[in-house]
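Chain IDs A, B and C follow the sequence of writing; residue 1 opens each chain.
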Amino acid sequence: MIEELLQSSPGWANFGIFFLLGAVLLLIVLGFVTYGILAERKVLGYMQLRHGPNQVGGKWGLLQTVADVLKLLLKEDIIPKAADRPLFIIAPVIAFAPSFMVLATMPFTDKFQFADIGVGLLYYIAVSGLTTFGMLLGGWASNNKYALLGGMRASAQMISYEIPLVMSVLGVILLTGSLNLNDMVEAQKHGWFIILQPIGFVVFFIASIAELNRTPFDLPESENELVAGYHVEYSGFRWAFFMLAEYVYLFAMSALITVVFLGGWLAPISFLDFIPGAVWFALKFSVVVFVYIWLRATLPRFRADKLMEFGWKVLLPIALANIFLTALIKSLFF
Amino acid sequence: MSGEKDLEQLKKEAVAKAKAAAAAKRKAMELAGGSAPAEDTAAPTASAEPEASTPASDDGDDLAKKKAAAVAKAKAAAAAKKKAMELAGGAPPAETAEGDNAPAGDDAKAKAAAAAKAKAVAVAKAKAAAAAKAKAAGTSADSDSDAAPIGGDDEKAKAIAAAKAKAKAVAAAKAKAAAAAGGKADATAAPAAEAKPSVNQAFLDKYVKVISEHLGSDVLEDSYINKLSKDVPTLVAKRDTYYKIAQFLKYNELLGFDYLSELHGSDFETHMEVYVHLFSYKNRQSVALKVKIDRSEPTIESLQPLWAGAEWPECEAYDLLGIKFPGHPDLRRILLGEDWVGHPLRKDYEPYDVEV
Amino acid sequence: MIRTEEMILNVGPQHPSTHGVFRLVVKIDGEIITEAKPVIGYLHRGTEKLAEDLQYTQIIPYTDRMDYLSSMTNNYILCHAVETMMGIEIPERADFLRVIAMELNRIASHLVAWGTYILDLGATSPFIYAFRDREMIINMLNELSGARLTFNYMRVGGVKWDAPEGWIEKVGSFVPYLRGQLIGYHQLVSGNEIFLDRVKGVGKYTKEEAIQYSLSGPNLRSTGVKWDLRKDEPYSIYNRFNFDVPTSEDGDCLARYHLRLQEIEESLKILEQAVEQFPGEGPIMAKVPKIIKAPKGEAFVRIESPRGEIGCYIYSDGKKEPYRLKFRRPSFYNLQILPKLLKGENIANMIAILGAVDIVLGEVDG
């Protein structure tokens, strides 16, 4: 269906359909963010011997995030006097927009996908890098020293971890012979890449945490050092945009890991094929999200210089070795 | 042995105290004889209490056992009894404070005994290593009777204390215990305590001697043992020799006070005073250094160059009392802020804001 | 040409990791600190000035508010100073209650230090675990004194309240429980590579420096000085108990971290023995005059608080109020070395070093 639409001549109807579909996806993503945040709070709560939200929306706190978002919407919008006004306003948008854009190539199932482009993986990584720009801008425009330091850390971290992220996934690309995400899923019919590329997966997973700015790599917004890092001066809905970007990236990155390493919508064993792909995707996806939350509950934060060291001296060489190894295996056995 | 003499003196004290005199004497007698059954010594009054055991000799051991029984009868808990028995059995005292330095054999025992007595007399004074054991025997609730000291052991303990005093400051605690055993720690018994020089007297004498040898005899205004403050040797420096003495206290190897524990000022209306409590980790000894300064123009050299830890306390003294410390690298109003008017701990301080 | 410029950053007084209203003015070059200057006094309440118009018993609640994480030791230091001056002998049962209360409070304080330290380093869960166990102690002390934080429990001559029925047994059963928990603490944090990266070799100083800067408590012992006033200048009934003074030779933040956990274990040992030897009955107050008047003269006594050496100086002119009262507050002294330690470190290390000093601002500011 999407293919046909892409081939059809442009027109208002065409635009309308795309717009509608985009809106639907946005709603799905917002729904995820709403309950992703709730899930994070609940899981963290139980891991920390607490209950988490349990008042708003029944005993599971199902409406807690909704109430929080409403509160943020109603909050007074504060722009510091000394801030660089235009940049301050545009920074959250720059941070959020790419997070939603990357979802365009994501094959949730074999049918539910927006753009099946040839360089899906490359597109994802390239576009996601833009968000860091938003963070840096936000940090700079706030005219706050903590924010500036946070923005600096964000960009330094992005540069350091984008490289191992790409390098680690090169092994998968070698085995697939394509950058297309659909092809990657198809290539996992006989074995997930998490098994074929364990080293690549570990490096990718670690680098992805750094990309997501989550514990233990949450240096840009480390509350104990930089108070809240780049978004310290933001409040209300502008702040919500940064948080939204963060959780949409959580969504996108979990989806990407599911697609690239966990076989996407494919069932683990062929006789379980009768269960729809969407369910499989959701299950794997949830496991990845859970692991992210779990790590957050357990680990302390890296130090900035150690983080750089770890990225350049440990992850990058391992990723490179992984490429070499994969190339060797591929030329010998396939 | 001059122990007899000591005993005599102590007896006199006991009489002077006019408190359970008969009981005390009986105890002393019993100790001299070493044969009186312990049960008999149990005083009829509620306040009387069996004294500490003294396992200095085999006889002593025997006696101690009996004593332990008496203690048990009188009041002590089961644990106390066990400990006393242990002590009687000659078991080495549990490793406590100065375990490493504790001399073996009789010395240790004597110390234990002394400590026991110290405990019985006053908890506040007790400082000895083996007190843990001894206390079991020596202390029970409401003990306010004085335990008569045993001449020989007391003497021994004192001899040890004296010997130690020369060599090691570690002995201070033990010596104190020994002295406490002899004297009365109770504040009400001040005359008795004065009759007996404090154990820290030796240290004070040493400090004064070393200082006068090196800096001259007129640098100190006064020196005494502060009985209220756990017998800390106190030196009162003159205004112009204060820094020199402090420097000397730190760098002289006999003194070696490397740690500044406390520094503060006080306003005494007639004058200001800076009180410094120093401690030596080498010798494990304390000293208090005081200096009186002019109240209208309170200025005194800073100790910060000697002890870096004096930096903030001096700032605090400057902030709250207005004492200036020339030589201080960064004298600022550390607590109240530079815009505060007046120095609150001065007795003539008027709150600037009348509404507060 | 790149033009670089030093930046002045105000850390605090409202900052999540300064543990109160503490302010650090740091000059930074990138993230490297070139100069740090602590600014204190935001919580100065003038306890010493107020005390000059108060009777001794009335001062006790003020001491609660100095080091509010270990009010019991603060209560004790004041009572101890007055008792030393007056030569009051404390009933055995009161002494036991005091020691148990102080050791429980020491454990609670170290648990907070542990939890908040890991929180400073970015892990949230250990904080909650530490507070769960601390909560049990706080509840016990609440049963004893009627307050959760500002206990106001001790009096000159003894303690205010006797232990409620079954309380001692409760303390006794808490000891093995916390021992089990401590194993979990170590498993969760002590071996964590990221954690070790953050603290190992960070904030290092030598024995000489520690003594020179008047550090005390775990900060001093982390350099190998085996000195604990409970052991070396025993007060109360500490000489009855068998316990160790843990030390370390490393002098870094990791050493201080481990020392605090080891001190919890030592305190548990003391508690165990104290519960065992606890006298069944007896008075909890010595016979003291209705109006307490310290004799004319001065006294300075010091004891071991969780943060180090807490001291109290009293000059009395024989009246019922002290003429001059001064507390030697360990956090105040321990902080002095901070500018020296922070030079050349980055911002993340700043938090690690400050956290390892373990300050309480109520105490720093007096």
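Keep in mind that, in the parts below, contacts are C-beta pairs under 8 Å (C-beta built on N, C-alpha and C of every residue); 3 or more make two chains touch, one makes a residue touch a chain.
In this text the structure is predicted, and so the values were computed from the model without any measurement.
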Would you identify the chain whose C-alpha centroid lies closest to the centroid of all protein C-alpha atoms displayed? C
Relative to chain A, largest Cα-centroid distance belongs to chain B
Please work out the Cα centroid separation of chain A and chain C, and write it as a whole number of Å. 44
With centres defined as the mean C-alpha position, give me the chain B-chain C separation in Å. 25
Report the inter-chain centroid distance for chain A and chain B in whole angstrom, where each centroid is the mean of the CA atoms. 68
Where in chain C do residues touch at least two different other chains? none
Parts of chain C lying in touch with chain B, wherever the complex brings them together: 40-41, 44, 46, 48-49, 83-93, 95, 211-215, 225, 227, 231-234, 236-237, 239-242, 276-277, 279-280, 282-283, 295, 297-302, 309, 311, 313, 315, 323-324, 326, 328, 332-333, 335-337, 365-366
For chain B, which residues are in contact with chain C within the complex? 77, 79, 94-98, 122-124, 126-129, 131-132, 135-136, 139-144, 173, 185-188, 226-230, 232, 258-262, 264, 266-267, 275, 277, 281, 284, 288, 307-313, 316, 320, 334-337, 344-345
What residues on chain C touch chain A, complex-wise? 7, 9, 15-17, 31, 118-125, 128-129, 132, 188-189, 192, 194-195, 197-198, 346-351
Residue numbers of chain A touching chain C in their complex, please. 44, 47-50, 145-146, 149, 215-216, 218-219, 222-227, 296-306
